[in-house]
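Notes for the one structure printed next.
In this document, chain identifiers A, B and C correspond to the written order of the chains, with residue numbering beginning at 1 in each.
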Amino acid sequence: MGMEKEHRHLIFLGIPVMAVLLLLPLGVSRFYVYLVSLMLVTGLLATSLNLVLGFGGMYQFHHAVFYGTGAYALALVVTKTGWPWWIGFLAAPICSGALGLIMGVITVRLSKLYFGMLQISLGSLVWAIVFRWYAFTGGDDGIHGIPVPDLIGSSTGAYYFTLAVSLTALFAMYRILCSPFGRTFQGIRDNPERCRALGIHVQRHQLVGEGLAGFFASVAGALFVTVEGSVFPDLLFWTLSLEIVIMCLLGGWFIFLGPMLGAAIIVTLRTFVGIYTEYWTLVLGIVLMLLIFFLPEGALGLVLRHREPAAGSGKEA
Amino acid sequence: MDGAANITAAALLQQILVGLSRTTILFIVSSGLSLVLGVLRIPNVAHGSLYMIGAFLTYSVATLAGGGTVGFIVALTVAPLGVALISFVVERGLFCHLYEREHLMLLLFTFSIMLVFGDLVKLIWGSDYRSLTAPLFLQGSFSIQGFPFPRYNLFLLLVGPLVAAGLWFLTNKTKIGKIARAAAVDREMVGAMGINVSWVFAAVFVIGCYLAGLGGALVAPTQNITQGMDHTIIIEAFLIVIIGGLGNIWGALLGALIFGLTDAIGILIWPQFAIVFPYAAVVVVLLFRPKGLLKSTW
Amino acid sequence: MLRITGLNKSFDGFQAVADASLDIEKGEVVAVIGPNGAGKTTLFNLITGQLTPDSGEIWFREENITGLPAHVISRKGIGRSFQIVNVFDRLTVFENVQIAVLARRGNTLNLFRPARSMAVKETGDVLANVGLSEKRTMTSGMLSHGDRKVLEIAIALGSRPELLILDEPTAGMSPDETAATLDLMTRLSGDLGLTILFCEHDMGLVFSIANRITVMNHGATIIQGLPEDVRRNRQVQKAYLGGDVPC
């Protein structure tokens, strides 16, 4: 499905959703403001993954590495140097974008499952270093109590900052997907061989995609630090990576806002299921099983399919 | 890195032996994963969960059977079979409906099973870790030039080649092995020969998962049996299978050797970052041989 | 324009292309015929860089292009369609062709401009040329088989090649669709002056459009000549297992 077709739904849905998001802190308790902040952060993360997964057809199995790297970049700049917080916030996307490019140079030579597995091994390497380097990263304890500037220090302030940054990032990603690059990237997803026959340097585009995905994931990572005030190695553990993939699948990965919805559902479920039972992953596992059996196009995919008969036949195996 | 200068030949030998015992476990687990990956084309993330279940089952069965040597031997026999039974139910109940799906979906599906199994283990055995002592005749250690080497590790070093020989026999000398190897290369052809591919797949899946259970059973006396041991082993097993060559059992052996030995030697060179060494080795191998060291069946 | 000499390619001991040679002048329409498995598609894949030859040379416009990667060869002016439909299933018809145009213009790494307003006229022209204008907003995965085959050609045209290679352009088409494709190929050759190399099983189409015909069998190019020569040639009749070549 092309990006153009979604445009109308976006505007149709966008205005009321925006109004609710803007007015949220006036109407609900701090807990819900925090919850929505977390949804935005996680949704941004999932959307950045989907940039390469759903729109690039790349088996990005270890996306959390970029998220975690962004979070640690901010945390380390703030706690280890005397530099201002904002420098840390800028350092995050630079570090992860660069990491995305470096890992991309190594991985884009391969495709599909091999690509994904090599990425997991590289990502695990990064994780292992973070996990063990107590002196620098805090090891498996992580770093806690990371200060935030006064301007965005309150929960409402952090919320509006998160809202502004994630909406800007989402808009930027949307624009990129509508650009010639985005269109070509989707072409590569559908048919890399055909793209080569058209003179497109497939791997170069995939490399750019990796860099972008890393860049935006780390924005989410830096926002996470803003909201939570802490980092820990689980932020770049591989199980989180697959959880993000689930979010994309749940919302529908051929739709731009699908992962946003998927992330919102997962965050909500985890929060409220977590109140009643410690067996949250059991619930998540069962949800995922049902999803794969009955709803492979995702929730939003199902809604959109009923609105207009589109959805092409999947060809790429 | 200060310790680097003090490495003696004996310490190195000891670490290599420890690494080889670790290799045994890694090989048993990853050969099962590789078998399933090669023949069924399923990247089975739940393989690690079966390993964990194998370890917990071994603990419970050994305890139920009264512990000691008898308990351990009974557990070593029964626990992997229990895992095989679980995998049989999972395959017939769930997987066999999904063979036509793309790899990504299969991977996510097995991940969902991993999530469910992880919590089921927590539900059944609780969050505390368990530990199992090896039977008396495998307890203790003997010394290699002054360094202790556990008897149980020696036992593992004997089991490894046995399993490898068994796998060789299974894949090369038995009918099901031959059919499975043919199915790995060309599914349609095997189906066209009038063989029920679905049951061949079931058999291969169960054998692969049995190996996961066996790995878990064998590892049980050497470490704490805990939640989360599925997460670690599955990544290691996947990396081993990848560097060895997808679906190639001997590749799994080679990969396990690389992984086990770099891990052991890493402990000697730079203990704090020992965990980094095998991952780095994997990256180096894949830089030069992106599709693994030995021929993949893909 | 295209000159191939002594081209070889084998897969695991199977010689798919054996000492193949081919010569195409500018403006010609050349057909490659031969039984299934004669190596026609492999030959095309070697020319366009999807495969690398084991030996032999491929020259395009006085330049040795042997073994170059596919995307480089494409930029030198060789466009192609595929035998098995190879379009962008989840994109619209318009977007399918637009990617080709953007790729030719070297715009595909542009991240900032909306693609909506780019290459609209040229893409529209290509679609009008092949008769897909009315279906431009349809998702290409939803098209009929015949339309997808036409879209195949349209995508190849989007990169404005000088040499257009078509791999069985009418395979699986209805008689009407085949006639329309023949008409399209005639116009491409006549109006745009495109050089066309194609392979095809429909002998009616081959003999009504090709200036010259090359016959392949067992990977080798056994004869290259004018249609009437090929029609009379006994080797050709043998290649088709004694079957009559339709007149």
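In this text, contacts are C-beta pairs under 8 Å (C-beta built on N, C-alpha and C of every residue); 3 or more make two chains touch, one makes a residue touch a chain.
Just so it is clear, the model here is predicted, and its values are computed rather than measured.
Taking the mean Cα position of each chain as its centre, C sits at the greatest distance from chain B. Nearest to the overall CA centre, using the mean of each chain's CA atoms, is chain A. Our note on geometry: chain A versus chain C, Cα centroid distance of 41 Å, whole angstroms. Separating the centre of chain A from that of chain B, both taken as means of CA atoms, is a distance of 32 Å.
Separation between the centroids of chain B and chain C, computed from CA atoms only, is 50 Å.
Shared interface positions of chain A, i.e. residues touching 2 or more other chains, are given as 314.
In the complex of the two chains, the chain C residues touching chain A come out as 48-50, 69-72, 74-75, 79-80, 82, 86-92, 95-96, 98-100, 102-104, 107-116, 118, 139-142, 155-156, 158-159.
Listed in rising order, the residues of chain A touching chain B in the complex are 59, 61, 106, 109-110, 112-114, 117-118, 120-122, 124-125, 128-129, 131-134, 237-239, 242, 245-246, 249, 278-282, 284-286, 288-289, 292-293, 296, 314, 316-317.
Within the complex formed with chain C, the chain A residues making contact are 1-2, 4-5, 175-176, 178-184, 186-187, 189-191, 193-202, 204-205, 208, 212, 254, 309-315.
Touching chain A in their complex are the following residues of chain B: 43, 45, 94, 97-98, 101-105, 107-109, 111-116, 118-120, 122-123, 231, 235, 238-239, 242, 246, 272-273, 275-276, 279-280, 282-283, 286-287, 290-291.
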